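Per-chain numbering from 1; labels A, B, C, D, E and F assigned in written order.
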Amino acid sequence: MSSPLVCLPGQRLCLSDPSHVSGQGTYERGGYIYATLAGVVDIVPKDNVQIIEVRSSGQETLVPSQGDIVTAQIHTITQQFCKCYIKCVGDKVLGRQYRGILRKEDVRATEKDRVEIYKSFRPGDVILARVLPITEAHTYQLSTAENELGVVTAHSEHGGLMVPVSWTEMQCSKTFVKEARKVARVVPESVQNDVK
Amino acid sequence: MSEQYKILHPVKYFRDHLAHKIRPDGREFGEYRPIVVNLGSISTADGSAIAKVGRTTVVCGIKAELCQPKAEAANEGFLIPNVELPPLCSSKFRPGPPTEQAQVATQLVADILKNSDCLDLKTLCIFPDKLAWCLYADLICLDLDGALIDACVVALMAALKSVTLPAVQYDPALDNKQVNVQERKALSVTNTPIATTFAMFDDKILIDPTVDEEDLSTSLVTIVVKEEELCFVHKPGGCVFTEEQLLKCVEESTKRATVIEEIIETAFKSL
Amino acid sequence: MPVDHKRINGPEISIPYQLFDKLNTKSLKTQFSEIVQPNGTRADGRTSTEHRKIFLKTGVVSQAKGSAYIELDQTKVIVSVFDPREIPNKTDYSSKGEIYCEFKFAPFSCHKRRLHQQDAEEQQFSAIMKQALESAVFRHEFPNFQVDIYAMVLHNDGAALSAAITAAGVALAHAGIPMYDLITSVTLAVQGNHLLVDPTLEEERLCQVPLFKEEENNHGIVVLSVLATHEQISQFYQSGYLSYACLSSGIEMLTNAAKDIVTLVKKCLVKHVIKSVRIVED
Amino acid sequence: MSKNRELLSKIGLRQDGRRADELRRIRCKLGVFTEPDGSAYLEQGLTKVLAAVYGPHQVRGSRSKAQHDSAVVNCQFSMAVFSTGERKKRPRGDRKSTEISIHLRQALTAAIKVELYPWTQIDVYVEVLHADGGIYPACVNAATLALIDAGIPLKEYVCACTASLANNDVPLLDVSHQEEIIGGPTLTVAALPMSGKIVLMEMSQRFHVDHLQKVLDKALQGCKDIKSILDEAVKSHIQDVGSSTGWASTT
Amino acid sequence: MSKLKSSCKLGILSRPDGSVLFSQDETTVVAGVYGPVESKANKALVEKACVEAHFRPKSGLPGVKDRLNESIIRNVCEAAIATAMYPRTSVVVVIQEMQNNGQLISCALNAACLALLDSGIDMKCMFAAVTCFIHKDESLVFTPPINEDQVKAMFMFVFDSVEKSIIASHTDGSFSVEQYKDALSLCKEECANMFDFFKKSLTIK
Amino acid sequence: MALCEAEKTFVLHGVEENFRVDGREREDYRPIELETNIVSHAFGSARLRLANTDVLVAVKIEVDVPYPERPKEGKLEFFVDCSANATPDFEGRGGEDLAIEISNSLSAAYKSPEVFDLTKLCILKGHKCWKIFVDILLLECGGNLYDAVSIAVKAALWDTRIPLVKSVTVDGNNVDMEVSDELHDCQKLDVTAAPIMVTVCKIGEQCIVDPNVAEELCSVGAVVIAVSKDKFSTVLQIGSGSLHPQTLLECLQMGEKVAQRLSEALTETLSEINPNKNQDVGFLK
C-alpha cells in the first residue's frame, strides 16, 4: 500500500473543477479545494468525477444531523413520547450522548393512531432511529417509521435478553415471556451490533 | 464494534473482560499502572511536582505567603491544600465552583496530611503570634483517569519535599520584616504517606482503577500507608467488603507504597 | 476576601513574601538596559525578532477529545477541547455552533498567587481566545452546539495568551473539529525603539510603562493571531501607547513570526496523523 | 449631628420644608427611549427612575412559563451602582432588589388587563438613577406611565405612595430618604386610586394599630394625588404626540 | 470499657417521610428522609433510585468537611437502600448536626439508618456505624476522650446487618495494622448491640 | 434584529457608493448629544446620546489603600452595567458578557501612564489614595457602543472634581487626612490624553465608522481603536471574521484620523459648557 497522503486543516489540495469535487472533510474557496481536518486524503471516483475527501486521523468530531441513522437508548417513556440518548451515528460512536425525542406519531409508518408507546419501547431498550429535521435547539426528533428501525436489543422485565419473534413481539431468552416492542428488521450490520 | 458494545452495554462489556481475568486496558487485577514523578518544573512556585499515575496527571504547586498565625495556635503556620478538578481534565466537569468530587478530594487530601503528621506546622512559624508561613498547595488535575487521590498524594508529597523557603528576619518591635530571597531552606518533611485506591466489582478487587472502572465499580477503598503504619483507611460505603478482603488490600498497598516511595526518591536524586 | 465554602480557606490576610525582599532599588530603566542590549540582544541571547524554542505535543489529556501542550521555554500551557455539547441557557435554533473558551492561570503560575475564580484579565484573555478561534473553525458543522476549549497556564513566563491560542489551534485539529485553517499566535512587547518578539514575563513587565522620554515613549504589548494559508488576521489586540509607524512595523514582524511557527505546528500534527494511521494499519 | 432632628417641627414643617400632607415635586416624561415599546422617566423629589416596557410578546426562555388565560408579567428592578450615597457593589440580584421586583410584579399584574393577552409576556424594567427615599412608589408610578406609553390596556392607573407617622400622631406623606433615616414607621401602599383598591401594602416597622387608619388614609390620598399628576402628564404627552401627527387638533 | 448510651425518638418531624432525633453519648443529630420522590430530570437514573445526602453543620453553611460526610452518608445509604425498587426517583437524606462530641459521622449514619427504617423505604439490609478511639496509652475505647490531644487514632466502621461485613471504614490519625484489626473486631462486636437497639426502637414505636 | 440577504446587499451597496442607508458618508458620525454634570450626587457625570445609543456615566470617588506592589498609584476602575431597559436580552446577567468586554477594553485603554497618570491620585505613598469608580450605565443600544462609551467616559472624567486634601498626618500605622470643606475647593483631572475609541467596521471591501445596528450585522469584522493624542492605546478586534493585514493597517489609519477629529470636537464642546447655566437637563428635556 502506498504511503497515505497526509493533510492538515487549511491545506490546499487541488483546483476545484468539474472533475474534482469537494467532499467530506474539505471546503472550497476561490476555486481551490482545501482540507478542514488533520488526516488522510481519500479520492473517491464517482461517475467520472473525483470526490476529494479527507478522513480524520483518530475519531472525528461529529454531531447527529438530519437523515442520519442513529443508535439510541430509551431513557423515559410517557403516553405521548419517549426520551432517549443518542449514542452512535451510523457505526461511529459519539464522544458525548445527545438528547433525542421520539413522538408517538413517529413510531410506525402505518396505523399511527393506534400506536401505544409502552407497547413499543421500554426504558433501557436500544433502538435504531432516523433523525428528523431539526426544529428545537437541544433535542433531536427521531423516527422509527421504517421496517429496519426500532428496537434492536431489549431486556425483559426479569432482566433476560430478548430475541425478536415477530414485528411486534420479543421473547425473553430465559423465561420465554413475550413482550410487545416495535421491533427493527435486523439487517446484518445491526446484528453484529447487539449479538456480540 | 467493540466500541459500540462498550458504550451501549458498559457493564456487560466490563464483566466479559473480567471473566477472562483481564481488565479492559490489558492489566491483571493486581497490576498497577506506571507512576512518573517530575519535580520542580514550575519556577514561579516555591515547590512543585507533577505526578502521573497511568494517565491520571496531577500537578501540584506550592506557594508560600506570609501571614499572622491563628490566635488558638499561635506557634503554627498553615498548609492549605486544595484539589481542583478543572473542566479541562474531563468532560464530566463544567466551568464553575468546585464540584462535589473536588471538594471531597480536597478534604481527603487534607485529612491525609493531618493524619500522617508529615509536616509539623510549628516549623512554619517565624515568630509566635506575629508571623508565620502559609503554604498554599494547589493540586490541579490535568487528566482524570481514576485513582485521583493516589496521584494527588504523590504530587503533594513530592512538591512539599521540594519546597524551599527564604530566610526571614522579623523585628517584632517595629513589625518589620525582611526577606532574603537568595537564602533558601528546605522544609523538614518527616514521612511520606502513599495512597492506594482499590475498586470492587462483582467480588473482584482491582488495584489502581481507571476512571471507567471507578464508574462501574460498586465500591472503592483508599488506603494510605506511611512507613510501617497505616494512616488512612477510607471506604465511603458501597457494597460490602469482608475483613479478609480489606486486609488483603492493606497488604497490597503497603507493598506498593515502598515502590512509589522509591520512585519519589529517585526523582529527587536525579534532580 | 469572602469565605469560599467549597474550598479550604487560608488565613484572611496573607501577603507574598517577595514584597519584603531586600529592596531592589534599580530603576526600571536600568533593569531594562540590563536585559536588552542596545542592539536588541536579550538576556537569553536571542535577537529581538527571535522566537523562543517551542515544544508542542498533542494528546496529553486522555479524557479530552483533543488536547495539546505547549512550552515556550518556561511558559507552559495545556489546552483541551471537548465534543460539542448543548449551549446552556439557550433555547432557540441557531445555524452556527458556538465556541466557548476558558483561559485560566493556575494559582501558582505567576509571581503573585492567582485566585481560583477567573479574574478580569483571565476573562479578557478568554474573550480574545474566542475571537481568535472563531474564524478558524467551521461553526456550521455543529449547529446549536458549543465546542468547549479550556486553557490552563501552568507557568507564565510571558506570551501565555499567544501560547494558549497556538495550542488551542493544535488541540482543535487534534480533536478532528473541522477548521478553515491552522492558527498561530505571537506576542510582541514594545519599549521605545525596541520591538521584542515573544517576550518573557520580565520583558512584558518592563514594557507596561514608558521608560524613555518624548519621541520614544512607545510602549505596550501586541498579540496577533494569523490563519496561515489564507493570510488572514483572526485576532489582534494591543495595549499600551504606540504610534502608527511602530504598530505597523510591529504587525509585519508578528505576521512573519507567526508564519515561522506554522511549520512547527504542521510538523507536530503530521506526526500525530502518521502515528494514528500506523495504529489503524497495525 | 444636631439633636433636634425631628420629623415635624413645631410649626408643622418637615426637614425639607414641606407640610405634613405635601407630596414631593413630581416631574415625568413619557416616551424617553425608542427601542422599548413604552418608556417613561419620573422624578419624585430627588428620586429618579427610568422604566421601560417590552411586550406583549412571545414568552422568552422556557415555554412552560406561559399561561393559557393571561399574560405573564415579568419585572426587573435594578439600581444604578451610583444611585446611592455610598456606591453599590451590584446593580441587582441582591435580596432587596429581588423583593422589590416581586412587589412590582404584584402591583402591576393587578392593574394590567392580563386576560387580554394569553400565552404572552410583558416585560417591565425599572432602573433607579438616584435613590432618595420612596424608591418603590417611584418605580410603580414610572412603570404605570411606561405601560400607558406602550399602549397596554390597564384597568386603571396603579399608583403608590408612602406615609409615615410623626410625633406619634401626625401622618406624613411621601417620605424622603432623610426622613427614612431619622426613623418613624414607613407604610408603603400601592393602590388603584379610582376604585380605592389596595394592591400592595408594606410596613417597615411597628406602630400602634389605632394610628393605622389615618396613616393609610393619608397614603391613599397620596395615591390619588399622584394619579391626577400622572394623568396630567399623560394628557399633555398625548397632546404633544397628537399635535405632531395632526390628529389631536381635530378634536 | 464502657458502652455507649444511645437514645432516639422516631418520627419527630412531620414533613419528611421518615425522621429521627438520635443521640449517642453526647452527640446528637436529627435525620430526615424524603423519598422516594420525583427526581430532577438531570439526576434521574433509569435503573435505580438516586440517593442524595445533605449534611448541615450546627451553625453556618456546609463547608468542604461536611461535603466529605455527605459523600460517606450517601454511599452508605445507597448500599443499604433497595434502589432498584424505585427507578427514576430520588431518596433524600438530610442530617442536621445538633451537638458533636467526637463520633459525629457514626451518629449521623445510625440516625440515617433509623430515619430510613422510619420512612418505610425498602432496604436490602440495616447498617450500624461504630466509632472507637485509641488513647495515647494505646487503649481502645468507645467513648471519646475529653481531651482531643489524648487521641492517637479514631476508627469508624459501618457494618451491614446480614453478614456483618464492612460497608464503610473511615479513620483518623495513624496506627499499625494490628491496631486496625483490633479496632475492627471490637467494633464488629459492638455493632450487634446497635442492631438490637434499632430493633427495640422500632418495636416500641 | 435580523436582516435578509437583500437588505444586506442594500446596505453593502450603500457603503460601496459612499452613500450609506441613512445618508452619511463612510467617515461620518451620527449626531451626538452630550450633557455633563447630570447626576447630582456623583463627583462627575455625563450622558451621551449617539443616535439611539444612550449612555449614562457617573464617577464616584472613595479613599482607598494603594496596591502593595504599586504604592505610589491611585486606582481607576470601570464598571459597565447593561440595563435591561436597552433590550430584554440584558435581563438578569444577560448583559454581563458585553459589560465585561467593554469595561476590560476601557481598563486596557487607560492603562498606560501616558494616557492617565494614576500617581496623581496618590494621597500618601503606600497608605492612602483615591479610588475612582467610573460607572457606566447603558440605557439603550443603537450600535457603536464602544465609541459612545469612550466619549461619555472622557466627558465624565473631565467633569470630575476631586476634593482637595488639606493635610495628611501619620501616627504610627494610623493615617488621618483632612478634606477641605469648601465645596469649590477641588481639583480637576487631566483628561487631555484620555483615549477616544473608534470602531472601524469592515463592510464588503470598504471600512466605515459609527455603524448603526443594521451595518453592524452586515460587517464581517471590526476593529475598536482607542486613540490617545496621536498614539494608539488599545486596539481590539471584535466580531467573528478575520482581516487581511493590509485591511488592518487601513483600519488603523482611518481610526486615528477619525479619532483626532472627534477629540477636537469633544474638546470644543466641553469648553463651551457653562457650569452656571441651570436648565432642565437629562431625561426631562
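Assorted remarks:
One rule holds for everything that comes next: contacts are C-beta pairs under 8 Å (C-beta built on N, C-alpha and C of every residue); 3 or more make two chains touch, one makes a residue touch a chain.
Everything numeric in this text was worked out from a predicted model, so none of it was measured.
The pair of chains sharing the greatest count of C-beta contacts is B-C.
When every chain is reduced to the mean of its C-alpha atoms, the one closest to the centre of the whole protein set is C. Per-chain Cα centroids separate chain A from chain B by 42 Å.
Rounded to whole angstrom, the centroid-to-centroid distance between chain B and chain D, based on C-alpha atoms, equals 58 Å. Separating the centre of chain C from that of chain E, both taken as means of CA atoms, is a distance of 50 Å.
Multi-chain contact residues, meaning those touching two or more other chains, occur in chain B at positions 91, 103, 106-107, 110.
Shared contact sites, meaning residues of chain A that touch two or more other chains, fall at 95-96. The multi-chain contact residues of chain E, meaning those touching 2 or more other chains, are 64, 67.
Across the complex, chain E is touched by residues 100, 103-104, 106-108, 110-111, 114-117, 219, 221, 226, 228-243, 246-247, 250, 254 of chain B.
Only residues 1, 4, 6, 8-12, 25, 27, 29, 34, 36-40, 56-63, 94-96, 99, 134-138 of chain A touch chain C when the two sit together in their complex. The touching residues of chain C, when paired with chain B in their complex, are 4, 6-11, 13-18, 20-22, 60-65, 74, 76, 78-80, 82-83, 102, 104, 106-111, 113, 116, 148, 150-152, 154-157.
Interface residues of chain C facing chain E in the complex, by the touch rule stated above, are 5-8. For chain C in complex with chain F, the residues that touch the partner chain are 15, 19, 112, 120, 123-124, 127, 131, 134-135, 208-210, 217-220, 227, 230-244, 247-248, 251-252, 255.
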